[in-house]
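Read through the structures below before going on.
Shared between the two complexes below is subunit A, which pairs with subunit B and subunit C, respectively.
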Partner chain A sequence: MTTSIDASLPGSQSTAAYRWLAFAPLPYILPAMLWTLLFFAAPFVAMLLMSLWQLSGPGLDTTPTLANYAQFFNNPAYFQAMVNSAEVTAIVTVVSILLAYPFAWILAERVPERWQRLALALAVLPFWTSYVVRSYAWLLVLGERGIVNQTLLGLHILSQPIQLANTRFATVVGFVHFFVMLLTLTIYANLKQLSPSYRKAAADLGANPVQVFWHVVLPLTLSGIMVGAFLTIVLAIGDYITPQVLGGNNELLMPQLIMLQIGRRGDFPLASALSILLMIVVTLVYLAMARWLKLERA
Partner chain B sequence: MPRPLNILTGVYALAIYGFIFLPVAVLVLFSFQGTLIPVPPFNGPSLRWYNAVFADRRLMAGLWNSFLVAVFSSALSVFLGFLAAYGFARFRFPGKGPLNGLMTAPLSVSYLIIGMGLLISFNWLGVPKSLIAAGIGHVVINMPLCFAILYSQMGDHQVNIERAARDLGAAEWQVLGLVTAPMLWPALFASFFLSVTFSWDEFIISFLLTRFDNTLPVEIWSLLRSGLSPKTNAIGSLVFLVSTVLVVLLELTLFRKPKS
Partner chain C sequence: MARLTKTTSGKGVIAAAITAALLGTAPFGINTASAEDTLNALIWCDHNDPNLLKPFEDANKVKVNIKEFEGTGAGMAILDQSKPGDWDVMVIDSVDVHRGVEKNLFEPLPEAELPFADMFPEVKMDDATIIGGKRYSITEKFGYNTISFNSSKVDVKDMTKMSILWDPKYKGRMALYDYYLPVIGMVAMGIGKKTSELTEADLPAIKEKVALIKANSKLTGEVAASQTALATGEVDILVGGGEWVTAGLHKDNAALDFTIPDEGGVLWAQSLAMFAASKNKPLALKFIQYVMSPEGQARLATSSCYWGMPSNRKAALNDDQKKLLRFAEQPAYLKRAQRYPAPSADLDKKMQDMWTSVLQAK
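On to the complex of A and B.
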């Protein structure tokens, strides 16, 4: 888009187009900046402060303390919620990638070019529905009298309905449904960016299709997979609806635990501390993945 | 390509399509259920539950509230994002990298945490829960997106046209409104509709920041608590319909292949 025009003007440097005036951009960036500081950064600081305080009676004890954080490590139920969250997120991420990759590959390589956009648009249509509605829809499928149970009963595979809703399985299914669509989008985009000449070169040098895929296509799409995986982790680990609607209260994930603190007791200090711990975990995962990618590229 | 592999890929693709559409199909089918519970056997088709939805004052209010929040928060997101993108694209200034990072930081923080930070702050400041509070939260999550989209679309090739306008005596606001914005209109529409889609579907921020007037996802949430009902299917199907229309509009703007 922009590069083609630059290229047509030999010698024109993109920097020449900019104006260098220290305060001139302020009127443009200041409103957005203020908004972000006021309604994103400041609330985050407020939450950080809150996490160092404690609920005492109807009010707050504002002596700084790490008691809320200690509570997380000392109370097995709280710690378990983080373990549950980590497990569910890991399962969801791996299963979603394993399901989405072949699907994206089929869309990018096996579907005729002129049908690809339609095929892709169809594949991600439910992605855009409200996740409250999507989770509810899975409840209809997995419920005690839902489609799955009714079908299995009707075919006499089951003699009585099995419990699918209000289980970890249901949470995972609800999540996987969403992330298969998200990852199909990102992996498809990745596969399309891949120049066919790599594959041709590998094939010319005697690689069979499996070798081409394993040694050329897969490594070149790995960074895209990692980006999709990170998106999956961030979105899955912070979601309240899917585990609440589909998993129920049999086992709590972190967002459920956090909402429970707000709803039941109005314990904002503890809820803040738990949220910050959740953010720290996500950040650590991000750093680990970024580092791994860097090593992989080197 | 050997035939068994073709069959295998076809079956696999169909299975995934089936998985993706199964819940939506069940949702829509049983919204036309004639009886009280949206499970097999199917008794219908009946428009009974759609009538119930349209007769439900709370749901209709939620629909209208969601519409208001989505349109106003998206308009503000696009406006602020557009100005900021212009500032970033047309000027060089110190600290640009970190400031860019700050602008897009909300994209990597989960909505629950953004919502809770706002709830705590508003509590302290004595700002009551309201649709406006939820709208503010929606601008926080959507503005970075609008900014990123618009920034990526502002190229150097537009600079000369802007310069020409300035040479011909246009004031800065005229350049922005009459030259830059029209050149970027597909990106502007795309970021607007994307914001509307996200705001329209957003639950947790609205849930935390509204009390008496709720958005539609929050109303649907409270319907869910009374168990399965074809009425929830009906309103869910309507939400799906609206989202689909928005996505088609998006497809026509954002993903449209540029004419050359």
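On to the complex of A and C.
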């Protein structure tokens, strides 16, 4: 197309057409840009500005200050919330990957093709119920009189119930229940895109099944793992419901700390600063994982 | 790397599945009602009960459009994001009414048209609801943050002393209600301080006791979580509970009960206020009158979300309901009760930070 313009238009006219062409895609991307500006950039700027203000009586003191950020670093309880969030998110992500990969592999490789769609639909079926209800259901399952404790007591593995609910363990279980399915979907998609000829070629060259998996399948499905892992990190580190319902407030995570600022006192400046800090952490994670997060593979 | 072969992976199914899974994490609520035959109400969960709202809607041929919130801060945030006139009435902590008045949000109420004479005198709370000589809200429901327990699992006599909360006797069998003001109030009463006179100097002593209570507790939960813990037998005592926890559960487990310790309980009181910018003030007043009527009071008191004492003594409760709410004992309870601490903004922040550090302690 460029060649035909160059050929038909002399000198400056050709350059002008070139410039015009540069803007040709604009109408197509404008809706997405507007959407991003309206629902991401503008709220982000508003939150950033708010984080530099301070709650003052019934109103706000709009003199810019970093006092809210200083509070985070000076108050050990606040900083600990970030540490707790990072720890829980890391555990959830690793456990979810370890469980999701074999599940996705079974779905992609062992379940007959005609049953795979049904299996996938069944896998996500529980997520059509309310997230809050699911969390409370886990609370009942993990409670002292829940099925887990009662089974362990019935089998004489335990002599008395142990505390499973209202612990970090319960929070991790609630998260993993959700994110295993999410990771299964992204890994499954990757496995299905993987041509069998790669494995055959590796086997022909003398690789045993473990070597085929380790040197061929795993590297080629790493992008699916990383996409799922990144989604897991973003959603888990910002989730309020699961730690609130299942963790029993025996430790505070960042979303709980943020909500605490809003609930009674309505301290949106401090809540905004804490949210910005959380976003910075997520951005750092993104940068660390960026090389695997390209959605297409060249 | 070579472009990967397209296979029959069911991309559409995967995309739909991921979308469905992600959507499952985010509840969406859209508020569109604003017609003249609609009352827009910012409410607590106890008003979100058809048993309370439907009779009003049917009698007035209107729709009550509700938005639920928890905590005055969250309510004020909703208002900050709304246009004047979007809302007609609001439920608010009686001690926080001044926060709305400072923002010129509320309309003075016509006292003559409301049943103030029938109310328990202690919950009129004139000092909190009359500002500049004008009455801005009416207390509709009240109760106590005190001690709820399973009477078949604990020694009921123990529950008459606040100090049992920081005694290790019931370690691992307690839950703590996740709201720092009433818990601080209870501890303050337990160590002989008045909730209305708390200062920063009192916080170290209070923190020490709150930390002990936290160490004795299995969990710190909001309304539903703490109620669930007591109801399922996960814990036997709820610190900060009261009739609002046990009265509704009594039909399922008669052993669930509450008491007011010798030191007293922390009085909570919720009010109804009308917005100055309401476009439908006559209907807003009708709603307040309905909620304050004997019928409305009985329905509100026994709401499915939580029970509580009606502030109108003429509430049309049956004998069983009155018994569960300890209706006859209210004068004695109210005599011993103290109000929620109403700290200054600065002290409030320090109390919240103290609470945060206690929750975060390993």
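Operating definition for what follows: the second predicted complex is superposed on the first by the 248 of 298 C-alpha atoms of A that agree within 3 Å, B and C clash if a C-alpha of one lies under 4 Å from a C-alpha of the other, contacts with A are read in each partner's own complex, and residues count from 1 in each chain.
In this section, contacts are C-beta pairs under 8 Å (C-beta built on N, C-alpha and C of every residue); 3 or more make two chains touch, one makes a residue touch a chain.
Bear in mind the structure is a predicted one, so any value in this text is a computation, not a measurement.
Undergrad: Of the two partner chains, subunit B (first) and subunit C (second), which one does A:81 touch, if any: first, second, both, or neither?
TA: second
Undergrad: In the superposed arrangement, does A:140 touch subunit B (first), subunit C (second), both or neither?
TA: In the superposition, A:140 contacts both subunit B and subunit C.
Undergrad: Looking at subunit A, which partner touches more of its residues: subunit C or subunit B?
TA: When the residues of subunit A touched by each partner are counted, B comes out ahead.
Undergrad: Report for A:250: first if it touches subunit B alone, second if subunit C alone, otherwise both or neither.
TA: Once the two structures are laid over each other on A, A:250 reaches subunit C alone.
Undergrad: Of the partners subunit B and subunit C, which touch A:57 in the superposed model: first, second, both, neither?
TA: In the superposition, A:57 contacts subunit C only.
Undergrad: Using the touch definition from the top, say if A:121 reaches subunit B (first), subunit C (second), both or neither.
TA: A:121 sits against subunit B and subunit C alike.
Undergrad: Just which bits of subunit A does subunit B share with subunit C as contact spots?
TA: Residues common to the subunit A contacts of subunit C and of subunit B are 117, 121, 123, 128-132, 136, 139-140, 143, 145, 181, 235, 239, 245, 262, 268, listed in rising order.
Undergrad: Could you please specify the touching residues of subunit A with respect to subunit B in the complex?
TA: 1-2, 5-6, 14-15, 17-22, 24-29, 31-33, 35-37, 39-44, 46-47, 50, 99, 102-103, 106-107, 110, 117, 121-123, 125-126, 128-134, 136-141, 143, 145-147, 150, 177, 180-181, 234-235, 237-241, 245, 255, 258-259, 262, 268, 271-272, 275, 278-279, 282, 286
Undergrad: Which part of subunit B faces subunit A closely enough to touch in the complex?
TA: Answer in residue numbers: 6, 9, 12-13, 16-17, 19-24, 26-27, 30, 37-40, 80-81, 83-84, 86-88, 90-94, 99, 102-103, 105-106, 108-114, 116-121, 123-124, 136-137, 139-140, 143-144, 147, 155-157, 159-160, 197, 200-201, 203-204, 208, 216-217, 220-221, 224, 228, 232-233, 236, 239-240, 243-244, 246-247, 251, 255, 258.
Undergrad: Considering the complex alone, what residue numbers of subunit A touch subunit C?
TA: 55-58, 75-78, 80-81, 113, 116-117, 120-121, 123-124, 127-132, 136, 139-140, 143-145, 163, 165-166, 178, 181-182, 185-186, 188-189, 192-195, 235, 239, 244-245, 248-252, 257, 260-268, 297-298
Undergrad: Which part of subunit C faces subunit A closely enough to touch in the complex?
TA: Per the stated touch rule, the residues are 1, 3-11, 13-14, 17-18, 20-22, 24-25, 27, 70-74, 76-77, 99, 102-103, 172, 178-179, 181, 218-222, 224-225, 228-229, 232-234, 345, 348-349, 352-353, 356-357, 359-360, 362.
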